[in-house]
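Each of the next two complexes has chain A plus one other chain: chain B in the first, chain C in the second.
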Partner chain A sequence: MIGWLLCLPSFLVIGLGFLWPAAILLRMSLNRTDDIGAMQPDLTIATYARLLDDDMMPGLAGDTILLAAGCAAMAVTLAFPVALAIRAAPPRWRGPLALAAVAPLLVSGTARVIGWIAILGDSGMVNGALTLVGLPPQRLINNWTGVRIGLVESLMPYAVLVLIAGLGRLDARLEEAAATLGAGRLRTFLRVTLPLSAPALAAAFALTVVLGASAFVTPRLMGGGRVFVVATEIYDLALQTVDWPAAAALAVMLLLALGAAFALRGLLPRGRA
Partner chain B sequence: MHLELAGLTRRFGTNPPAVDTLSLSLPRGALLALLGPSGCGKTTTLRMIAGLERADAGRVVVGGQDVTPLPPEARNMGVVFQSYALFPHMTAAGNVGFGLETRRLSRADRNARIAEALALVGLTDYAARKPRALSGGQQQRVALARALAIRPELLLLDEPLSALDAQMRDGVREEIRALQQRLGTTAVFVTHDQAEALAMADLVAVMNRGRLEQCGTPEDLFERPATRFVAGFVGRSSRFAATVEAPGVLRAGGLALPAAAAPAGGAVEAYIRPHHVAIGPDGAIPARIATRTYEGATALLALETPLGPLLAEVPATAAWRPGDTTTATLEPGALRVFAA
Partner chain C sequence: MNRAGPRRPGPVVIAGALAGFLLLLAPAVVVATVSFSSGEFLAFPPPGLSLRWYVTLLGNAEILSALATSAILASTVAMLSLLLGLPASYAIARLDFPGRGTIATLLAAPLLLPTLVLGLALLLALQPLKLVATWPGLVLAHCTVAVPFAVRIMTTAIGSVPAELEAAARTLGASPLRAALRVTVPLAAPGVLAAAALTFLVSFDETVISLFLVGPRLTTLPVELFRYAENRTDPMLAALSMMLIVIALTIVLLVERAAGLTRTLSKE
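The block that comes next holds the complex of A and B.
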């Protein structure tokens, strides 16, 4: 009873901050946009049908999934050694190192993107260095490359956080046992550390896929208007086309797709451990 | 000597060394117990032998070869960890076979070795089980089989019985000892339980604050403790302050006591085991029985004497009861005397 009472504040926040807007969103998506682009109150799935029928949609969905899955996989791959190193560090260093790994979260996402623009821009640091050594400058921003770089970077701290938590349960004695049984570092990693990290890797991947699929700031700012994903499309539909039912319907579909992905993961066996 | 430790030292930070210039040697086929209170450095010593902990100074020599610079994977030592450290994602057979993967064995040979090791610990029928589907005792045996399957130069066990129920401990203790003797494997095990050490080991090394207090047979430690720490730590004993009056004579509590082993001069501390304290009418030390603890075949009497409190062990059938007054005699040859 007390437990439920203590949960009340968070229920309120979730209710007011998420469920209520989600309900409005759902209601909105069932409205209809008439021929002159005005929203008409209705209860129809015509907007969904229209979106699903749109020739642009398969490409948009595919691009979004590929971007999210690819960047999530890359972020988790890059975060794994970081998390392993933090785990192997002396206990008093673990806290500061973990903090350093997630420090990017302390900076606003927009500020980080602007930082990337300075680094990756046509006359940014990377291209400056390339020119200096006589290589042709590369287009690293305002395209998919830029979005991928920015997204991987923004997902990594989350991947590190989830992996640190997951690896905390991995008993270091197991790796010692492998060593005493004659296994070198590579064999120990492949046969012991990696398989036992699988649940943590899966959790980190699931979280970063979701974050990547719903990312808006990075594709918007680093894509320079040339990269279209579901999140940017929702924004355009809502604020440029001012087709609120379509924006709402697309948002609902993204939500459902991510929810389904998570539910599917719940059905999978939880690692081999 | 199959295992030799020479001046082994390990420091953690600026604290006094966890292990301080430890030297001892162990003949082939013998079982050595590293015994001591927690924090005495016994586990660190074991980990240095296994190569899991770096030695700051000193050498570990196994079969004449200095293995100190070798990493654990090059030392061929079977380690049974306190928590067993079984690979949770592998079956019992997979665990036992892991150490054989790096050795060039045919599949048939490897399977034969796995079957042999599992049979050794009586777990043939459990080969396909994952560790979580095994009881604590069975997990312990898998860990033992895994360590033995590589035919190790040394078998190292870290508190092998501490995670088991009290009822299981004696059985597993006997099993480990029998197996170790049958295979002729030289073994070192760490324990804080002196009963375990005295019952199982050929040699017991008593450690305290990183230093070796005494290394000897269980009888040596019990009957001829070399230091005050060993005298107080191994077995039950009573302690009293005394002065040496003349060679072979101690003075304590206003009484002169014959003591075979008294060194000459000054203040000393004397230790006596309860079974070396005799109770009867013709003793020299007046005693009043304070408490009586029934222990089955025997009873332990706490005595109040001019020397201070003394423990005496008597047959449980003896009629002594708290409040009785009598006299006590200390067996002169059994008194251990150390400079205070």
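The block that comes next holds the complex of A and C.
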């Protein structure tokens, strides 16, 4: 009984700030919008039907999935050597290195986008270097390229975190044994380290896909209003068009898709790490 | 054995790790440099160095007022998250009661929801109550994402204090409340401090949920930065970003000094 009482204050916050708004969101998605754009209280799946019928939706969903999956795969690939290096570093260096790898999480996402604008923008570092060696400048920002680069970087710290946790359970003596038995560096990596890391890599991919599919700040700012994904569409529907039933229904569909992705991951065989 | 041990990474892994670190740290380094630019645009390398954009920043009343809002909001959220989260953390770490697992899962649930969806849900829920663009609305919204962090970190911290110490205090005649408050909580203080710092940062850097809940008269620093970045790109953006980064880093380093944030976090 005392346990419940002690949990009550926290539970009140979660109830008021999460459970109740989530219920309102679901309820709002069952209202509909009339012809002049006003919200009508109702209990219908008309808004869902309207969104699914929209010619724009397949492209929007496809772009979002491709962006999330591609950037997650890239982020995990780049985070893997970082995590391996942290794991192999002398103990005294591990903490600072891990902190440096996840430091971007402590920096506002918008601030990092500003950095990318200065690197990739028309008068940025990359185009400055290209001009210097006589190559034509490239459009690297306000398009999909910019969004992809920014998203990979913003997903990497999460991948590093999951990989560090997963690789921590990997027994280093197995790699030593492989080397003692005559396996070279590449062979040890391909036959021992990589298979044993597979569950951690899969977990990192699953997390970053979900985060990538719902990312908003990077697609919005790096895309310069020319890149449309489900997240930017929800934002526009809610705050620009003010079509709340549609915003709510699209949000619910996004959640269902993310939930399905997680369920699929549960079906995948897990390694015996 | 005279060959390099397998735990020493090969040149390929080291090169990959360097590339990874470069990618992770480049934006922050570039923002820091460009914030001291003397030019008109977000150009790198900057044409010259000056403090002009910091001067511009400090002369911008809207941004200073947003900074004040963010600082007060984050302090309030950190304090409330500790006060509300500490009893729950103690209960989850120490007590055995029916439904403990369910409560623990529920208290972490808001972190599963994308902040965009949570922001929209809060907007729809708070609008009819006229709580959008108000202090109570923003505090509730930020606490919803801060309390789960606080509970998680403090549960780990309290769980790692040996239960025997509290039992000893009880044997010596301390009441359960006294034993918890005078023995366990002080010993878990580094974790509590880390929770305070992290919840402050969660609130101070929170952008997406706030975007749905601010108004012309009450806005936060990350929202100002986001709105400004949507419309213009000049080095003041970098100076403003630096302000956010420096405040975040100061807090992290202070806590690292006092309690070892990396240790506290790596225990999770």
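Just so we're on the same page, the second predicted complex is superposed on the first by the 254 of 273 C-alpha atoms of A that agree within 3 Å, B and C clash if a C-alpha of one lies under 4 Å from a C-alpha of the other, contacts with A are read in each partner's own complex, and residues count from 1 in each chain.
Please note the rule applied: contacts are C-beta pairs under 8 Å (C-beta built on N, C-alpha and C of every residue); 3 or more make two chains touch, one makes a residue touch a chain.
Everything numeric here is computed off the predicted structure, so don't read it as measured data.
Shared-chain residue A:3: touches chain C; no touch with chain B.
In the superposition on chain A, A:182 makes contact with chain B only, not with chain C. By the touch criterion defined above, A:190 reaches neither chain B nor chain C. With both structures placed on the common chain, the touch criterion links A:220 to chain C but leaves chain B unconnected. In the superposition on chain A, no contact is made by A:49 with either chain B or chain C. Measured by the number of chain A residues touched, the leading partner among chain B and chain C is C. Of the two partner chains placed around the shared chain by superposition, chain B is the only one that A:171 touches, whereas chain C remains out of contact. In the three-chain superposition model, chain A touches both chain B and chain C at residues 176, 178-180.
Interface residues of chain C, counted against chain A in their complex, comprise 1, 3, 5-10, 12-17, 19-21, 23-31, 34, 41-45, 83-85, 87-88, 90-92, 95-97, 99-100, 103, 106-107, 109-110, 113-118, 120-126, 140-141, 143-144, 147-148, 151, 201, 205, 207-208, 211-212, 222, 225-226, 229-230, 233, 237-238, 241-242, 244-245, 248-249, 252, 256, 261-263, 266. Those residues of chain A whose C-beta lies close enough to touch chain B in the complex are 171, 173-174, 176-184, 187, 191-192, 195-196, 272-273. Taken in their complex, chain B has these residues touching chain A: 50-52, 71-79, 81, 83, 85-89, 98-99, 101-103, 146-147, 150. The touching residues of chain A, when paired with chain C in their complex, are 1-7, 9-14, 16-18, 20-22, 24-25, 28, 78-82, 84-86, 88, 95-96, 98-101, 103-104, 106-119, 121, 123-125, 128, 152-153, 156-157, 160, 172, 175-176, 178-180, 185-186, 188-189, 211, 214, 216-217, 220-221, 225, 231, 234-235, 238-239, 244, 247-248, 251, 254-255, 258.
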